[in-house]
Each structure stands twice: as structure tokens, then as C-alpha cells.
Amino acid sequence: MKSRHKRLAMIAGGIAALGIASALVLNAFRSNLVFFFTPSEIVANEAPVGRSFRVGGMVVDGSVKRQPDGVSVRFVVTDTAQSIPVVYSGILPDLFREGKGVVAQGKLGQDGVFQAEQVLAKHDENYMPPEAAEAVERANKAMREAHRSAVSGSAEQGARSE
Amino acid sequence: MLEANEISCVRGNRKLFRHLSFAVKEGTALRIHGANGAGKTSLLRMMAGLSPIDEGRVTWGGRTLAEIGDDYSRELVFVGHANALKAYLTPCENLRLGLAVQGIAVSDGAVRDVLDEEGLTGVADVPAQRLSAGQQRRVALARTRFAASRKLWILDEPFSSLDDEAVRRFSSRLAQQVANGGVVVYTTHQDVEIDAPTNYLELV
Amino acid sequence: MALNIWKYASPQTFFPLAGRMIPVFTVLAIVFAVVGLYIGFFVAPTDFQQGEVYRIIFIHVPAAWMSMFIYLVMAFWAGVGLTFNTRLSSMMAHALAPTGALMTFIALWTGSLWGKPTWGTWWVWDARLTSELILLFLYVGYMALAAAIDDVRRADKASAVLALVGVVNVPIIYFSVQWWNTLHQGASVNLTRAPSMAASMLTGMLLMALAFWMYSIAVSLLRVRAIIRERERDAAWLQDSA
Amino acid sequence: MTAGLRQALAAVTWRDLLLAVRLRTDVLTIVFFFAIVVSLFPLGVGADPVLLRALGPGVVWVAALLASMLALGRLFADDFADGTLEQLVLAGEPLPLLALAKVFAHWLATGLPLVLLSPLLGLEFGLDAAGLWVLATSLAIGTPVLSLIGAIGAALTLGVRGGGALTALLVLPLYVPALIFGAGAVVAAGQNMQFGGHLSVLGAMLFAAIALAPWAISAALRIALE
Amino acid sequence: MTAGLRQALAAVTWRDLLLAVRLRTDVLTIVFFFAIVVSLFPLGVGADPVLLRALGPGVVWVAALLASMLALGRLFADDFADGTLEQLVLAGEPLPLLALAKVFAHWLATGLPLVLLSPLLGLEFGLDAAGLWVLATSLAIGTPVLSLIGAIGAALTLGVRGGGALTALLVLPLYVPALIFGAGAVVAAGQNMQFGGHLSVLGAMLFAAIALAPWAISAALRIALE
Amino acid sequence: MLEANEISCVRGNRKLFRHLSFAVKEGTALRIHGANGAGKTSLLRMMAGLSPIDEGRVTWGGRTLAEIGDDYSRELVFVGHANALKAYLTPCENLRLGLAVQGIAVSDGAVRDVLDEEGLTGVADVPAQRLSAGQQRRVALARTRFAASRKLWILDEPFSSLDDEAVRRFSSRLAQQVANGGVVVYTTHQDVEIDAPTNYLELV
């Protein structure tokens, strides 16, 4: 074999290896790679017990309650299909609002209540003045109502687009 | 056979040589002369394909080194200032594995025979690290014993550290290689002449 | 820009050209920055969810974009220098690195400044943030390697190999928010769909991005000139003494 | 594959393995370093078992990463200093493949022992059987990735003063993804969760590294010799 | 002290500092290595803030230990390879003092920057002001100890074929107390407890090392040259 | 002045020499001959106090090396196979700091003058790493220029890598040192003679 042929063979081998690599990556994206769970997954017992992980979802409207001790708060996080109660004691971020995205890090208690050590606000990629936001919100609400009656909740969808 | 065409070499801010051209035919040797720091080592490394040739070109059998690619190395024996011995392997292992990497398969027996002839009988199984400077050089040069079929030998100060007898032995081997149609390019500061048609190149 | 450089591939001819280009890009950078900042801080409305803090966007996003873009350009020039042995390309790559590192640092810094009020934390170890931090380390590694090798040609080539190896990181940074669930928001500006941003905000941000871009070109050219001056001084010195 | 190439690859691998056997204490040092770093942590952090169980995968992986980085020092430096590298470049066979053979031998000598030792060290942190198994598997896939990436750094810093630390600076950022997915797999296994995805990504990295790293290594080696 | 001795000590120190300055990237590299290793841990261990706060002191100390160990690799190796060490032994001045001068220069170049950087890295793990201050102080006392002990190891590994494992065996047990008391002081400070005792022990180690290590180093250097 | 008394040297399982005795007086040179691996380097290192003397004894001015201690080093110049140059320092810095470590204070100007005389003008400020093999050897030997007052010079293959002119220059310096009452012990495989009263020692 001439050195040129060897080089070609090597390149072919390299490309084959890269092909395998891509296949493996595609395979991997079918599973959860970060310790981030939606309420649906937690309800389906897919989340770890006794270890710290993250929950992501939307804070349910009207669910935020200061606890009697004055420091902790209790609220419910939903992915529109399922929801999970969360307790947290500490300072909430400014952007923590009902109806908005949130990411909480902590452990799931035996009682099914998520004990958060850290609560982070997650916002979406929309930037607009408040007036526009209101208009959009009104439109969305109408849409969501329609949607909810049509499809009875696809958990993944909810989590990803929140 | 080996031709250099208008090559130049710059190191740091020094131009070592400029527009250097020469040709070596089959069956001749080229001895490169020059004071310390003249650029002999730099030139040899360029011809071996180790350093890039920024200006001008070097050809072997009419094709540039880049065109020939890896196949050029298979016509070449290069012995540099460094001996290319692994300190913790014995001369025997060093030779056998070193040659195998270069695509030359040799048996253990053949290697031992050659080491005997090179006066290294007693130390064939001592880690190379323990050998004296001259013994190490002998092992490095012993590689050439298995490479008679390779056309081009490039040797940087092959005789350094060798004692008189070893110098005599190796220089007559070089003469023989040239007589068989090889091309030998070498430098040395020592007063050794090879008994073969020789061109001289003086670097200043 | 690429065309110009091919034509002016030798340092000697590029040097004066760069000298003439610098003022142009400097002026452009200033103009875009002034207009961009004006729009950003006086014209663009308050955001419906973040309020005023969101205005960090006018620094953060341009810096983040440039940090990735400069890396790609740097790797490109490094690769050209490696394969075609053109001196100027390697110099371009070296000149870009500090600016790229600066942009990365600014993105990280403004990002965590922004993260505190919005997310509620300075830092989380998620994919976007981590890969951006790796980008900073790659820039630093590139500069350290280039500086550690005293033979210029070797330094050019060795650092070029590193720059090319590091390119895999850039798509990871960019797509990390799609591939993994992270705190960082997804793209607001996307070529495949309409921007999810009010027009005046978007205008301000794009103008600032242009300003950062022009600035990067200007300082890189300045640095290329310095590099040329330093490397060619040796040649001049040689001609004098030879 | 031609006979000459096969023979050259075998010789390169065999020579390095023979040297590793000759210098077996060097190999032991790496293993020892790995064990010590892992065991230092409980000392530096305190012995809370819950804390330790959470730390385990990360610490073992970080230690493996540091050990494999430390081992890089020897990969090309000796060959560079004694002239063997010149002869390798002049072997007349494709340098990327020869470099791959060297990295393979290096991994056999310094990576494999870490893999074999890891379950024992995992025990120190109270990992369960599944966790230990995944720890070893993730390291078995991950350490070759570390060796391949590290070899690029080692080759780039040949002959450069500050070699060791500079290698670390170049290589550690590139190690990060392997670390995240490797340790991630073990953590997932510890929670009875899917870890296949993590291992898939590690595997992808391995194949990508096999495809790409040899070219970078061989380019860097040639540059070092100029 | 005779004029000759003073001059020799100054020359040894100055030569090594000059070498460090010649490639200032060297120093930067050690510092970056330190920073990167510290930042790796959160990646391997996970982002849990409570866990991170507990880890902080231990991680920073272990990273400093590794960085200073990595830096030691070349303390004598270059001198040994290029023949400078022979000339040092033949200097006609007490070798323990010359060795001490070398270690001092080495610490100035590679240990001191770690001390100065440590508060910044401590911040990453959420240490408070008192913790940061104690962290820096403990490293300021501790890193010279590491350098001195490490230098013995560096000297022993010269020439001796299997020096590696022996060195690790010899040096690491001596590193461990420094780690325990150093990290211990920081942990104590974090809990508003007395940390003076820990620092005193560290100080005692420093003086003991200054008194004893030079002899061991010089003996090891002579053996290496035989 | 320098005397060896019944010394032996064993390396591995080889006895290099046994019961070797010789004496070198002030104002004479000793040239050690021997084939590669005969034990010349080993002998020189023993005499310099670098290797222990297991059997027999070496004395200087009547006292053994152990008795003299560090003071012996202050009468000695040793140039081994290795050049003792820091690769990243320039010849100028290397010389000045290297000499200072040995207790010899020299000014920058003096060093530059000497480098000029050794034909290293252009490279006085280039990192030693970049110098050619012969240039590096020249810098190593330049140390002897500042050590004329030291009585004992021990040199292992000083002429290796040097070009003819440098060999001539250095051998006449050796002759001069001997004429001034010094003791010079050296080995070389090259065909160089020093113009000074010389004893020969043949190792077999």
C-alpha cells in the first residue's frame, strides 16, 4: 500500500468512528442527562430519593403561602400535567412569581413534599414592554384553555416549552 | 539523486544559509563542513524531512519530499546528535524494537551477532543508561548494519565519542555503503576521511 | 475582510492597510455604541418581567456572541496558518485571542451579575455556563501555549493545533440550552423564526453587537500591527547587520 | 493493513509496555497517587457518611482524571529527549497510527490499573454494588478518552518549559465533559436511575477522540521536532 | 556567613527566579492549574450548594497540595539532566544551604501565588470573610512546608529508577498532617471556633521542615549523582 | 599533588579497573586513554569527588578527599560530558550565575569579553537551548577562563563537538594552565596533544 492509500484508509476509519459517535449521542439524548426532573417524572417515581436534584416547572397561580414560622414558603410547581408541593426557607429571587418558571434544587421528602435548598427563577426568552405582555398573556390564556380541553397534557411538552 | 535547490534557513534572527544548492549522485558521499553553529545540524534535519523547508526545495529522485511523503522515510537512515536509545532497555531490545518500528524485522540472534562485532558483547543485556558515551554511540550506529538496502544515510557527527578502532570500523562501513550505490551525507569535526568519492560542502 | 487579507497576505503590505482601517472601525464602533446605548437606555421600554435589570442584555449578549464568534475566526486563521504556512494568518489568530478572552470574561461577568437578581444566584454549574467557562480556559491556554514557546514559528503552529481542537466547544456552548434543560434562557434571536423581543430592544441589542464587533476588529488590527512590528523588527535588524 | 504497518504498531506498543514493566514503580506511583488522592478527601472534608456517599463518584473521577494527567508527563517527553521521537516520525508509517499505538500502550499501563482499582476505592465512600460496577465501566470508557485528549496536550508542550503544568492547563478544560458524564453515570446508578445515556455520551466521546485525536497528536509531534 | 556563601546563595536564588521570570507563563500556569482543579470539583460532585460549602476548605487545600506537587516535578530534574547539579555539589559551599535557597526560590515563584489567589477561589465555595482570611494564612504557612517536603521527594526521584513510589510513600504521609491542620483551621474558622491551635501546629511543621529537610535533600542529591 | 592509591571500580558485574595507582605532580597533565567503556568517565568522577571511592584512596596534597571536604571543590574545575547550561538562560547569564554559585564573582563586561574571544559574540544573548552543540560546549569551557587560580582541572572529553579552531584555542589554554603550575586531568578520543609535560594512563 502506498502512503496515500494508507491515508485514505485512515480517513475512512476516522469517519466511521465519528459515525458511531454520532449514533451514540443520538441514543443518549433519549434519556435524562442532567438531574432535572419535571413534576410528572417525580410523580412517576423516576426521581431519586434522598439525593439532591432539580425540579423545574411553573409556580401554580395562587399556591404561594408564607408558613407560620415566617421564613419558609410553600408553593406548588406544575408542568401542567402533574404538580408537586415545595417548601423552601430563604430569600426568593426577584423574578419568582406565580405563573412563572422556577427551578428548585433540593431533596424529595418521604411525604412527597420537595424540600428545596435553593430556588431559582427561570424566565423565558421573551422580552417586551408590560403592555405587550398583557396582550400576549390574554391571548395565551384563551389558547391554553382551548389546548387543555383538546389534549389532556403531554408532560414533556409542558416542561420543555415553559 | 538528492538535490537541494536554493534552500535557506533562518533561526531566530540569524540567517544560517541562503540560496544553497547542491546535488549528490548515487554512489557518492557528501561531507558538510562548517564551524560550530554554521547550520550543519539544521541542514541535515531539513534534508531528513524533520524541519520544514520554508524556502527553496529538496528533491529525492526528482520528487520533493512533500510529494514522496512517508515513503521517503523508508529510503532513509537518520542518526542525529541524540542516540535514540531508551535508557532502560538493553542494547539488544533497543535495536530490535527500534528497527521494527522502522519496518525492519530482525531476529534476536542477528542483533546479538552484530553487537558482538561492534565490541559490545559484554553489555548486550545491560540497560543502555549504564553504557559509556561511546558504547551508546556504537549501539546507535549499529542500526545502519541492518539498513544497507536503504539508499540515503544522513549522519550528524557519527564519530563523536567513538574510540579510534570504532571510528575506523564505521568509516569503512560508510565507504562500503557508498561503493554499493548508496548516498551518504554526514558531518564531523574529527579528522576522518571516508574512502569513497566525496563532495564537500562548506557552510559559512 | 477575508478577501482583503488574502490579497494583502504579506505583513509588509498589510501593515499600512491595517493602519488605515483602524480609525474607520474605531469610529464605527463609537457611533454604533453611542446610538445603541441611547436606544438601549432611553428608547427601549422596561421589560414586563425583569424590569430594568434586563438592560444588561445590551452588554451581555453582544459579548457572549463575540466570545464564540471570535473563537471561530481565531481557529480559522490558525488553521489557515497551519496548513498554508502564511505568517499573517497566525498573527491574526494571536491578535484575536486576548479580545476573545476579554469578551468571554465580560459575558461571564455580566451573566453572573444578571443571574443574581433574575435567577437568584451568581452561578450554577449548568451546561451553558460551564461550557462558556471552558471557552475562557481555552483562550487562556491558547495564549499561554503561544507565550511559552520562544520559537515563533513553533508557537504559531502548536497553538493553532490547540485552537482547532477547542473548536468542538463552540457548538456545545451554542446548543447547550437546547440539548439540556438549563437555567439559561433559550435563544431570543434566531434565524429560523421571528425574534421574541420587542423591536426597540432588539435594535439596541443588535447595534451594540455591531459596536462590539467593530471594536473587536479595531483592537485586533491594532494588535496585529504590534505583532508585525515586533516580528519584523528582527528582520530589519538582520538586514542592517548582514 | 500491511505487514510493515502491523509490525511497526506492534513494536511501538510492545516497546512502551516493556518500558512500563521495567519502570513498574512508575506505574505503581500513578496508582498510588490515585488511591491517596481519593483517600485524602475524607481527611480534608470530614467523615460524615452521607456527605461521603454524595461525594464518592465525583472524587473518584476527579482523582482518576488527575492521575491520568500526571501520567502524561512520561508519554512523549522521554522519547523527545533521547531522540526516539525523531525515529518514530521517520518510521515511514502514518504517524497518527503510531501515535495511537503509543497512547494505547500508555493507557494499558496507566489507565487500566485505575479502572481495576476503582471499585475498591468506591467502597471507601459506601457505593453499592451497582454503583461500583458503573464506576468501573464509566472509567473503562472514560480513561482512554482522557489519555487521548491528554496526549494532545503532552505533545503540544514538548520541549516547552513549564511542561507539566502547562499541559494541565491545556488539557483540564477538555477533560471536563468526560468528568461530568462519567461521574454523572455513577451518581445516576446510585439512585437507581438510568445511566445508559451518560455512558452513551462517554462512548461517543471515545469514538470521536479515536477519530480525531491522533491527527492532532501527530501534528503536534511534528511541530515539536522542527 | 562568609561573603562567598552569601554570594553563592544569592546566585542560586536569583538564577532560579530569573528562570521563572523568563517564562512567566510558568507561574501563571501553576496558578491556573490551581484554579481549574478547584473548579473541577463542583462539576464532579454536583451543584448542591450545601455540599459545596462543606467541601470548600478541603478542596482548596487539596488543590494547593497538588499544584505545589506538580510544580516540584522540575525543581531538580532539569539541573540533574543538564549537569548543573554536579556543579552545585562541587560549589564548595554547604549543600544543605544551597538546596534551601533553591527551595526558597521555588516557593516564591510557585507557592506564593497560590496563597494570594486562594481567597478568590474560596469565594466560589461560599466561604465567609474570616474563612477566607484563615484559608490564605494557613496556605501561607503550609505551602512552604509542602515545598520543603516535596523537594526531598523530587531529589530522591532523580536517577533512582524506582524512585517514584518510594517518594510518594515517603512524602505523602508527611503531606497529610499539613493538609489536616490546614484544612482544619479553615473549617474551624467557618464555624466560629478557635483555629489558632491548628495554625500553631502548621507553624511547628514549618520550622521542623526548615531544620531537617535541607539535610535530607542534600543527601538525596548526592546519591543521585553517584 | 593528586595521587590515587590502589583504587578499584566495579560497575554492575564488571570490574572496570583494579588496584590502580598513579600520581600527578604540579605543572603536569594527565591524559587518560582507553577504549569506549574502559572506565575513564567513572575514574574522573571519582577523582572529582562525585562518585564514592569504595576501595583504595585518592589524595590531594597528601589529604584524602573526605578529609578536605568542601574545600576540595574550591580548588577544582570539573567539566563533564554534560555542559551544565540552563537551556533558558543566555550564555551570558549562564556563565555569570554559574560562576557565582562556585564562589567566583565576575562582571557582566568580563563575561562578554570572554564570550567574544570564544567566537560567541552573536549568540551571547540567545537562550542556550538554541545554540549548536559546539557553541554550547564552548560556553561550558569558557568557565575555565575565570578559574585559572584553581589548581586542579578535570575534563571529560572537552574537545567533543568543537571545530578545529576551537580545539586549537582550548588546547593551548590547557598548555598555559599547566605551565602556570596547574594540574590538568583529561580524556579525549580525538587526536589532540597538549603542549605540556604529560603523563599517560591507559585503562584496559
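Order of writing sets the chain letters: A, B, C, D, E and F. Residues in each chain are counted from 1.
We adopt the following convention: a contact is a pair of C-beta atoms (placed from the backbone, for glycine too) under 8 Å apart; a residue touches a chain by one contact, two chains touch by 3 or more.
These numbers come from a predicted model, not from an experiment.
The greatest centre-to-centre distance from subunit C, using averaged C-alpha positions, is reached by F. Inter-chain contacts peak for the pair D-E. Ranked by distance of CA centroids from subunit B, the top chain is A. Work out the mean CA point of subunit C and of subunit F, and you get 57 Å between them.
Remark: subunit B and subunit C have CA centroids separated by 48 Å (rounded to whole angstrom). We define each chain's centre as the mean of its Cα atoms; on that basis subunit C and subunit D are separated by 32 Å. Centre-to-centre separation of subunit B and subunit D, using mean CA positions: 36 Å. Residue positions 3, 6, 29, 33-35, 52, 118 of subunit A are each in touch with at least two other chains. Within subunit F, the positions touching two or more other chains are listed as 81, 87-88, 127, 130.
Residue numbers of subunit D whose C-beta contacts span two or more other chains: 22-23, 54, 81, 92-94, 161-162, 166, 169, 172-173, 176, 180, 187, 212, 226. Every residue of subunit E that touches subunit F in the complex is listed here, in rising order: 4, 7-8, 10-12, 14-15, 18-19, 22-23, 78, 81-84, 86-94, 98, 225-226. The touching residues of subunit A, when paired with subunit C in their complex, are 29, 33-34, 36, 56, 91-97, 100, 103, 118-130, 132-134, 159-160. On the side of subunit D, the complex with subunit A involves touching residues 2, 5, 54, 92-94, 96-97, 181, 184, 187-188, 190-194, 196-198, 200-201, 203-208, 210-212, 215.
Listed in rising order, the residues of subunit B touching subunit F in the complex are 11-12, 14, 34-41, 81, 119, 122-123, 126, 130-135, 137-138, 157, 160-167, 189-191. Note for the complex: subunit D touches subunit E at residues 22-26, 28-29, 32-33, 36-37, 40-41, 43-46, 48, 51, 54-55, 57-59, 61-62, 65-66, 70, 73, 81, 161-166, 168-169, 172-173, 175-176, 179-180, 183, 187.
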